[in-house]
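You will see two complexes here that share chain A, one where it goes with chain B and one where it goes with chain C.
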Partner chain A sequence: MRFYESETKKLIARHGVGVPKSGVARTPADAERLAGELGAPVVLKAQMLAYGKARSDTVRTAATPADAAKVAAELLALDDGGRKPAGVLVEKRPAATGEWSLAFTYDGTAKKPVMIGAAEPGNVEDIADRDPSKVVRRHFSALVPFSDYLAKEMVVALGAKSPDVPKMTAAVSRLAQLFLRYDLTQLDVFSLGRLEDGSFVAIDARSDMEVEGRPRQKAILAELGIAEDDRRLVREPTPFEIEAAKIDAEDPRGVAGPVVEFDGNIGLVIGAGGGSLTLTDAVRRVGGRPANYAALGGNPSVRKAQRLTKLILSKPGVKQIAVMSNVVSNTRADLVARGVIKGVIEAGLDPAKTIAIFRVPGAWEADAAKILEKYGVEYCDRTVSISEAAKRAVDKIGR
Partner chain B sequence: MGVLVHENFEFIVQGITGREALNFTRECLQYGSKIVGGVTPGRGGREVYGVPVYDTVREITAKRKVDGSVITVPAAFAADAALEAIDAGIKLLVIITEGIPRRDASMLIEYATLHGARVIGPNCLGVIIPDVCRFGSLGGPAVDCRKAFKPGIVGVMSRSGGMTTEICNALSAAGLGESTAISVGGDPVIGSTYSELMPLFEADPATKAVVIYSEPGGSSEAELARWAKENESRLPIVAFVAGRFMDEMPGMSFGHAGTVVDKKVDSPADKIRRMREAGISVADDIGDIPRLVKERLAGAGA
Partner chain C sequence: MAMFIRVDVDQAVIRKTPGLAAKLAESCPVKIFKAAGDGVDLVEDALDECTLCDLCMQASPEGVKVVKLYEG
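What follows is the complex of A and B.
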């Protein structure tokens, strides 16, 4: 879950690392007033999640308060995955005599948190791509409390001058500690600036909190004013996706979801986890266009499968569905068969014509076969591969 | 032979009275696995399918040798359960629990490493040597499990539990079978990665080839590619990367917690390129895996 920059800065300031003077503008008039108070020129940053977007599109400068109003109006009109920006962060950019970039994340190979830095501002991953020799990496521990010497070694390796080492160490150490404390998965300080007076300020920053960490981070989330249902997804869910999430939430048996809407014609009721990835690829590989991604896993009830099927068939342009899965262990194939057939009938359609293929081999497959035969639904067992089943579905439903 | 477990492997289940744990305990026992105890605080003195339940791990380890533990407690208690097992001297943990924050995963894995214990998972289904030992919940009911997993020559490692069964089923149908299958886990921080498990397969005379199932997200495929380049392995490796459609959807997560395309190294295209450069065969079609294994074995003169 991504934080807006204004929120990241609050976390950083809360732990004793300096941040630029700033305010969040909700309107162009706000921005003009803030620019006047802070003293132009100012930097304006659209408060966006901006997944996959270049920072240059969302950050601008303004020379005068009037200019700030104009720029803010443009930034507030940007699209952020179906949302509008949550305001514009107006900042007085401090004059830095030196700048560094830092990133804190987890290294899946070392299985440890890692801090990565370079002696220039920017995205440290990009700097590493261009010239790995510019980048310093230091692993730290999620088991042993963070020790300042790790930060000290880091800042010395990054070329800090000796008189600056204590203050820069303190800043890096505090950032590492807040990274751990708030269950962040990524903390980027694109610019850690040294000011004339020898203090260090996080000038540009971004962070993400792990969704799985949210239950134990309620206090800080409340302090930042982030609601429990504010999920900060890449894009706003569609009504179809919201309905699917409701179906999943209303019945604790098994998992139906996430459901993601695409613009194709092939309705997919597919197994969860890796099976869902493999099946979606398999359909696309033979030229099929999925109408949705939907993962049905765990041991879902008949009702859950039924409601999900009916929902998928309600999507305009979807006349047929493919029900497919990897060889299942937990999921009962017979319950899935009953559920999807019920869902099709409830949608006023004929299961034999609507279900292009049923491939859910594994637990209770013999019982599933009996039900499918009764309704004349084409099904196949584990001797038919995922790719072959996907091809049959696409051949029948059309590309 | 095979890796990690063996015929006389004896393990416990932490969280044995949970719904899923009850199922796989029964399934493991029917498969012939040796479960010597279970732990659920507050349920000490009961039995689950004849397996005695205790409040603590030490009550079991004080009396007998325990080779491993399957952990299925809720995410908030998983790190605690792992530390309890490690302190009681257990050297192999399978953590099935999903949704453990990576700070906890990283912490417990470091603790395990310091104590000479190995962690498989989190968010995995465990390990199986077909017809010898099932350690975890791979394959479902024993009768279905026997259909999918057959003794053979391929070592399998997979980030998806369900796809472990699917791929092994295909390898079994092709007459290749599996030496050992390991569901390594779908989380961004897991205890044992492909490249760390490769030396085990390398040393196992039963294993003649290795099959990898992977997904977008993380650096374990890049790490495997590096391992393959640096080590002159006798084992041909065949890989499959699912979720290619995700290259068009940066930042969105599908399937597992660790499955997201954010950095370049996360992308299926990047993983495939690195692995091919390292001499790993990458199947474009999941159905091609058994054929590629046979071709590589024929090429290796096996």
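What follows is the complex of A and C.
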């Protein structure tokens, strides 16, 4: 889940790293008052979850309090994935005598957290795309406490000179610690600025928290005023997605979600051990257009699989589904087969024509194969790779 | 209407054993059995949820038989 910049900065300040003086304006009048209190000129940033907008659209400057009110009115009218922005962050931008960029995230290949930095402000990913030699990386552990030594190594590698090293090391170390403490998946400090007095300030920042971390992070979420039902999605859920969430919530057995709606023609009933992402990618790689993303697993009941299947088939343009998963262990292939076939029949369709592929290898696969055979559906076991299964599905359903 | 599982119950056997109906209702993880006096009723909607755990057949080998409709 995504934090607004104002919230990210509260987290950063809570851990002893400086942030610019600021306030959140909900109205143009608020912005005018804040600009007066902070002292114009000020920077105004629309508080948005959808980052896709050009930065120039969402971050503006105002020379006077009256300007701030005018700019705030424009920013508050922007579209944020079907919502209005959650206010405007009004900041007094400090004068930095040096700027660095930092990012903390997970390296999926090394399976470790990693901090990435460059000796210039901006998005580290963009800097790396332009000139990889400018970017410094250091992995660290999610299991053992973060060591200041790693931060110092990073700071020195970023070219900081000796008077700056202790304070910058402290800032980097605190940022790494808050990244771990709050289950963040991403913490970007686009500008870590050194001020005239030698202190360091996170001037522009954003962060994302692991959704699964929410139950552990109730205290800090409450402190930030984030309600339990505030899902922080990049866009508002569609009726299809709301119905899928209802199916999942109404039956405690197994998991049918998250389900995300796309514009494609291939209904996906997929899951198991990270299989959903791999399978969605596999379908796309061979030119397929998924109608949805789904994650069916955790040994769902027959009814849950049935309702999810029926829902996916109710989507306009979806005539066939691909039922695919990684090798299942606790999820039972036969119960998924029962649910999917019931869902297809309840939708008034023929399983043999509607299920383009059924590749759910693992627990109780022999029974799954018998069930499918009875309804004229071929069962694919683990000898059919995920890539091959995706290709067969796309070949049958069409690109 | 169940499509995959049928459960055959011999009510005479169930009634003969005191407490067996309640045991079947309690042991089934997907609530297929509902105690009705000394016997049991079957919950039609739950039949296809059967996980083939065999607990019912272990409780009454003579009185309950679970049949996979997709076999044979």
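Assume the second predicted complex is superposed on the first by the 244 of 399 C-alpha atoms of A that agree within 3 Å, B and C clash if a C-alpha of one lies under 4 Å from a C-alpha of the other, contacts with A are read in each partner's own complex, and residues count from 1 in each chain.
Here is the rule we use: a residue touches a chain if its C-beta (ideal position, glycine included) is under 8 Å from a C-beta of that chain, and two chains touch if they have at least 3 such contacts.
What you see is a predicted model; the values in this text were computed from it and never measured.
Enquirer: Can A:K111 be said to touch chain B (first), chain C (second), both, or neither?
Expert: A:K111 contacts chain B only, not chain C.
Enquirer: Now for A:A294: first (chain B), second (chain C), both, or neither, which partner does it touch?
Expert: After superposition on chain A, A:A294 lies in contact with neither partner.
Enquirer: Which touches a greater number of chain A residues, chain B or chain C?
Expert: Comparing touch counts on chain A for chain B and chain C gives B.
Enquirer: Determine, under the contact definition given at the top, whether A:A160 touches first (chain B), second (chain C), both, or neither.
Expert: neither
Enquirer: Does chain B (first) or chain C (second) touch A:V328, or do both, or does neither?
Expert: Touch partner of A:V328: chain B, not chain C.
Enquirer: Hey, which residues of chain A end up touching chain C in the complex?
Expert: Residue positions touching the partner: 301-303, 332, 335, 338, 341-342, 345, 367, 370-371, 373-374.
Enquirer: What residues on chain A touch chain B, complex-wise?
Expert: So the residues of chain A touching chain B come out as 51-52, 106-109, 111-113, 125, 129, 141-143, 180, 183, 185, 210-213, 215-216, 233-234, 258, 260, 271-278, 280-282, 284-285, 293, 295, 297, 325-330, 361-363, 365, 382-383, 385-388.
Enquirer: Of all residues in chain C, which touch chain A in the complex?
Expert: Going through chain C, the ones touching chain A are 3-4, 30, 48-49, 51-52, 68, 70-71.
Enquirer: What residues of chain B sit close enough to touch chain A in their complex?
Expert: Residue positions touching the partner: 20, 23, 75-76, 99-107, 109-111, 114, 125, 137-141, 144-145, 147-148, 158-163, 165-166, 169-170, 173, 186, 188-191, 193, 195, 213, 215-216, 218-220, 223, 240, 242-246, 249-252, 254-259, 263-264, 284-287.
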